[in-house]
Every structure is written in C-alpha cells, then in structure tokens.
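Next up: some structures, all given as structure tokens.
Shared between the two complexes below is chain A, which has chain B as its partner in the first and chain C in the second.
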Partner chain A sequence: MPTKDEVFQKIQTALVDALGVDEEDVKPEATLVGDLGAESIDFLDIVFRLEKAFDIKIPRGELFPEDILTDSKYVQDGKVTEQGLSELRQRMPFANLDDFSKNPVVQDFGNLLTVADMCRFVEGKVEVTD
Partner chain B sequence: MRWYWIDRFLEFESGRRAKAIKNVSLAEEHLHDNFPYYPIMPASLVIEGLAQTGGLLICEHGQFREKVVLAKVPKVTFYSEAVPGDTLIYTTTVEYIKDEGAMVTATSHKGDVLHAEAEIVFAHLNDPRLGSLFEPETFLRMMRLLGAFEVGHAADGGPLRPPARLLEAVNGTGA
Partner chain C sequence: MRFEGKTAVVTGGSRGIGRACVARLAREGARVALIYQSNQQAAESLVAELESAPGKVRALQADVRDLQRAHQLIDPLFEEWGHIDVLVNSAGIVRDGLLGAMTAEQWREVIETNLGGAFNYCHAVTQPMMMMRRGSIVNLSSTSAEFASRGQVNYAASKGGIDGLTRALAKELAPRNIRVNAVAPGMIETDMSQVVRGIAGDQIKKAIPLKRFGKPEEIAAVVAFLASDEAAYLTGQVLRVDGGLSLGGY
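Then we have the complex of A and B:
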C-alpha cells in the first residue's frame, strides 16, 4: 500500500514523462493545463501512465469528465448549468469546484485540475498509508 | 517522392509488435542536401519510419477502420547518426490501444547496436466529417509492398490476411 508521498512521486514521474516538464514544476498546486501545458492528447497519455503506475483502471471520463462538458443537458451558452455542476461535484469529489462554480465557463474547466487533485483522485482508488 | 520510410516488414504480430527494415542509400535525393558531401539521415525521418512501423500495426489491429495519426512523441533519444550503407531495424511494441488513441515504444538498431529509441503516441480521429484519410486500396497496396502478409501473424497465430472489409472496398462487394 503506497504512502501519500509515494503516490505524489509516481504522479510526478507520470507528468514529467507525459508532459516533458521538470520535476520541480510539478508542485501540488500546479494546474495541468495552465502551469504544466497539458493538451487534450496528453490526457490519454496521463491516464495510461497512471493506470500502469498504480495498477488501477480509470474508465473514460472518470478523471476528465468530457461527457458532462459536452452534453447539452449540462451546458448552455458555454456555461455549465446548476444540474451540470451538481453532476460534476458528484463525479469529481477529489476536485474543488467552488471557484469554478462562481463563473462556470466550460472553456475554463480545463484549467481546474491541479496535481493535488490528481493525488486525491488516485488516493481514492488505492489504499493509502500515511 | 513516395513517402515510404520503411522498406519491408521482417515481423508483424497483429496487435503486439512489428519489425521493419530501412536501408539508407546514397540514391536518396534529400541526403545530398543533408548535408552536401556529409550525408546524414535526418532524425525526423527515422521517427517517421518508426511511426509508420507502429502506425500500420495500430491500423491493422483496428482493421483499418480508425484514422490513426501520429500525435505526440513524448520521448526520443538518438545515440548515433544513420548514414548511407546503414541498415536500420525498427522494432515497435504496442503499449496500449484504446478508443481514443494508442502508444508504442520503438527502437532503431544498426545490427545489435541501439541507434535510437522513442515513445510514440497516436490519436484516433473520429470526426465523421473527415471521411477516410486514405483510400482502402492505398492501405492494401502499402501492406503488400512492405511484405506484411508474407511475414505477418494474426492474433490467433495464423497467417496475417488482409481484412475482409478492405478487400471488399477494393474489389467491390463480391458474392
């Protein structure tokens, strides 16, 4: 069972390998898209490396809920609706959506996810000792 | 100029691994510009050859249904130059194939010596507006020219054959 530190280190390695950034850049508060320069093609790569590093399965949309963000039920005029926000909160307990909720522009969602969010996501899927 | 950066398949294990040969020759036009009297095969074209080896492997796994494009090269390292007279052996191994894309690890060898290694990520473009990137005939011709069906094995270990849908598209729906 990994410790929280070990989880962070493995995620750090996965992001360094996938995004070509330096280890020092991968801080807990760094955002994947804004700070680390992740693009859509990178998300597939990142998900695969996480699955391999932690021996877990990450079904499509579990980490990056693109199905909600492209559903007209949940998005109107480029903004996520209340229903959509509630879906997002349910699907992403590892992320903090408070700031995003104040002005939920879909385009901005990409910049929400931080390295710390990813750590919490993985901790939710494996048993962690501290 | 025909955009073939591999000459022939040595191995083609459907969905798993492929090995191809690239002979570097003074008869290649671009080598006389790169560089005059100092011909070196450009690293980008080695990567392209590795991508073709791996890309056809990915395509064949999906029966040439998906539009497979080279999307990202997360890592690549070259240990020496490739020059005229060299025979490069490219080996690509599938790491994963998913709906949205695929990744291979690839190596280039000169004999037993490692020349280069890379990770190559492909994307599957699923926008129906794009239609097909290649005619089925082009795939069939490419695979035949490269000897894929002479050395290849299907997933069950039997001989690799052209997918039925490609043959139908080329020959018209038969009986």
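Then we have the complex of A and C:
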C-alpha cells in the first residue's frame, strides 16, 4: 500500500518521463498544460505510464475528459454548457472546477488540471496510507 | 543485420506479402510474431521454414477485426520482449463485386478486416511504442486506393482509409519518434490476385511499364526498409511499388 508521498513520487517520475521536464518543475500546484507544457499526445502517454506505475486501468476519458470537451452536446460557442459542466464534475471529482465554471472556455480547460489533482485521482484508485 | 535485437508483429503473416515480410524481418534478425486467422498449416509451415533464421518466429491466431484480441496478443508480447519495434499491417481480404450487387456483408468484411484490422493493431502497439519512444508501423495499402478498378469499391475504400490512417497517425505519433508509413503495391503474384491475373493478366501487364507482376519479396524489401532505421526521417508516406503502373500516360 503506497503512501501519499510515494504516489506523488511515481506521478512525478511519470510526468518527467512523458513531458521531458525537470523533477523540480513537477510541484503539486503545477498545471499540466500551462506550467508543464502537456499536449494531447502527452495526456495519452501520461495515462499509459500511470497505468504501468500503479498497475491500474484508467479508462480513456476518466482522467482527461477529451470526449466531453469535443462533444457538441456539451460545448457551444467555445464554452462548456451547464450539462457539460455537470458531466465534468461527475467525471472529475478529484478536480476543483469552481473557478473554471465561472467562465468555462474550452481552451482554458487545459490550465485546470494540476499535479495535485492527479495525485487525488490516483489516490482514489489505489489504497494509500498517510 | 538491420533488425538484430528488434521485435516485430506482422498481421496476415501466413500468406502472400505478409508471409514475405515475416521471412525478410526474421532473416534480418528480428523476433517476429506472425498473426494468422485461419490458415494454421501455412503459419506453422512458415515457422518451420524459418527455424534456422537469425530471428525467432512464432505464430499467433487472431481475427484482426477483434480489438480486444489484439490487446490480448500484444500486451503479453510487450511484457515478454520489453519492446515492440515494428508492426506490419498486412492482413487483407477481397470480396469483389459491383456495388449495386454487393452485400452489406461483403462491404463490412473488407472494411473491418483491411482497415479495422490496421486500426486494432495500431491501437494495441501504441502504448508499447510510446513508452519506448520509438517504433515503426508499416501498413499495406494498394494502388487500388487511387487508381480505381471496377468491382472493388470495398477494397479501394479500405485502402484509401489505410492511406488516411497512415498520414493522420504519423502526425500523432511523430512527437514520440514513432514513424508510420504505407506501401501501396500494384499487381503482385499472390493468392489474392490470382483470379484477376487469370482473367486479365496479359492486359494488365501491358499497362505496367516494367511489363511484369511484382513478387511478394519485392514488397517485403520496401516494408523492411521503411521499418528499419535507414528510413529514420521518413514518416506519413505512402510508397507505390507497382512496376510503374500508376505512371499512366502512354
């Protein structure tokens, strides 16, 4: 059973390997897109590495909900609709969507997800000790 | 040997062009898993034939239309080998007929095997190749994708799809040093083309500047080049290997 620190370290390693960033850049408050420069192919790479590191399965869209953000049912005029926000909240209980919800521009979504969010996501999938 | 220490998966590897690709890669040192659907005898005969080749060959049965099965084969291979360096998507079928008389099943079988099969195996090797930050995918297309033949709407559509898949996937995977290319053979001496060659062989030969059909080994040679590090700067391309058939003119 990993500790929260061990979860963070494995995520840090996965992000360093996937994004080619330095370890010191991978802080809990760092955003994946804004601070660490992740692009769509990187998200897939990150999911693969997390699956291997933690021996878990991450269904596509569970960590990075591209399917919601590209569905015309949930996005209109470049903004996520109320229905879309509701879907996002359901899909991403590990992330804080309050600020994003005030002005839910799709293109800004990338700056939402932080390393700390990823830690919470993994902690929700594996048993952790303090 | 170009593929010493490398590993390869070849779909449709028991016959025709796929068979020639398996042989070429194994003789150049690759460990090869050939995927066959139903011709176990042909698959096993190839494994036996390549017993003394530098690279080891194994035969695995699968219907390439099954995505889950693709992962069931590829994931353990990645665990065992530690890396998957080459994927050759050669599995393909024809179900010829004029469109107005074509059944939904004829259409679906060809699309799901030729194009769907390539999607499934590309899907399965993406994770291994991305984690290793290297890989080469070679898809078998056809000159039929661009130079139409009557009675092959389904086949032409599937191979046109292969061309599009090749280019789009090359763009996606380039940041991970994974190259994706296709070979578009013309008229090659395989079981698949023997009916057409029997009916219109002489007529077709007249249209080929090199005045002969191609051999599976000649296609395998180009596949091997694209799969190798010699083609390190080549991605997103569809290479026609057709004796000049597509040059047209007179």
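We adopt the following convention: the second predicted complex is superposed on the first by the 130 of 130 C-alpha atoms of A that agree within 3 Å, B and C clash if a C-alpha of one lies under 4 Å from a C-alpha of the other, contacts with A are read in each partner's own complex, and residues count from 1 in each chain.
The criterion applied here is as follows: a residue touches a chain if its C-beta (ideal position, glycine included) is under 8 Å from a C-beta of that chain, and two chains touch if they have at least 3 such contacts.
What you see is a predicted model; the values in this text were computed from it and never measured.
Once the two complexes are laid over each other on the shared chain, residue contacts for A:Arg60 go to chain B alone; chain C is not touched.
In the superposition on chain A, contact is made by A:Ile41 with both chain B and chain C.
Residues common to the contacts of chain A with chain B and with chain C across the two structures: 41, 44-45, 48. Those residues of chain A whose C-beta lies close enough to touch chain C in the complex are 39, 41, 44-45, 48-49, 52. Touching chain B in their complex are the following residues of chain A: 17-18, 20, 41-42, 44-45, 48, 60. Interface of chain C with chain A (complex): residues 126-127, 130-131, 172-173, 175-176. Across the interface of their complex, chain A is touched by residues 71-72, 74-75, 95-96, 98-101, 103, 121, 123 of chain B.
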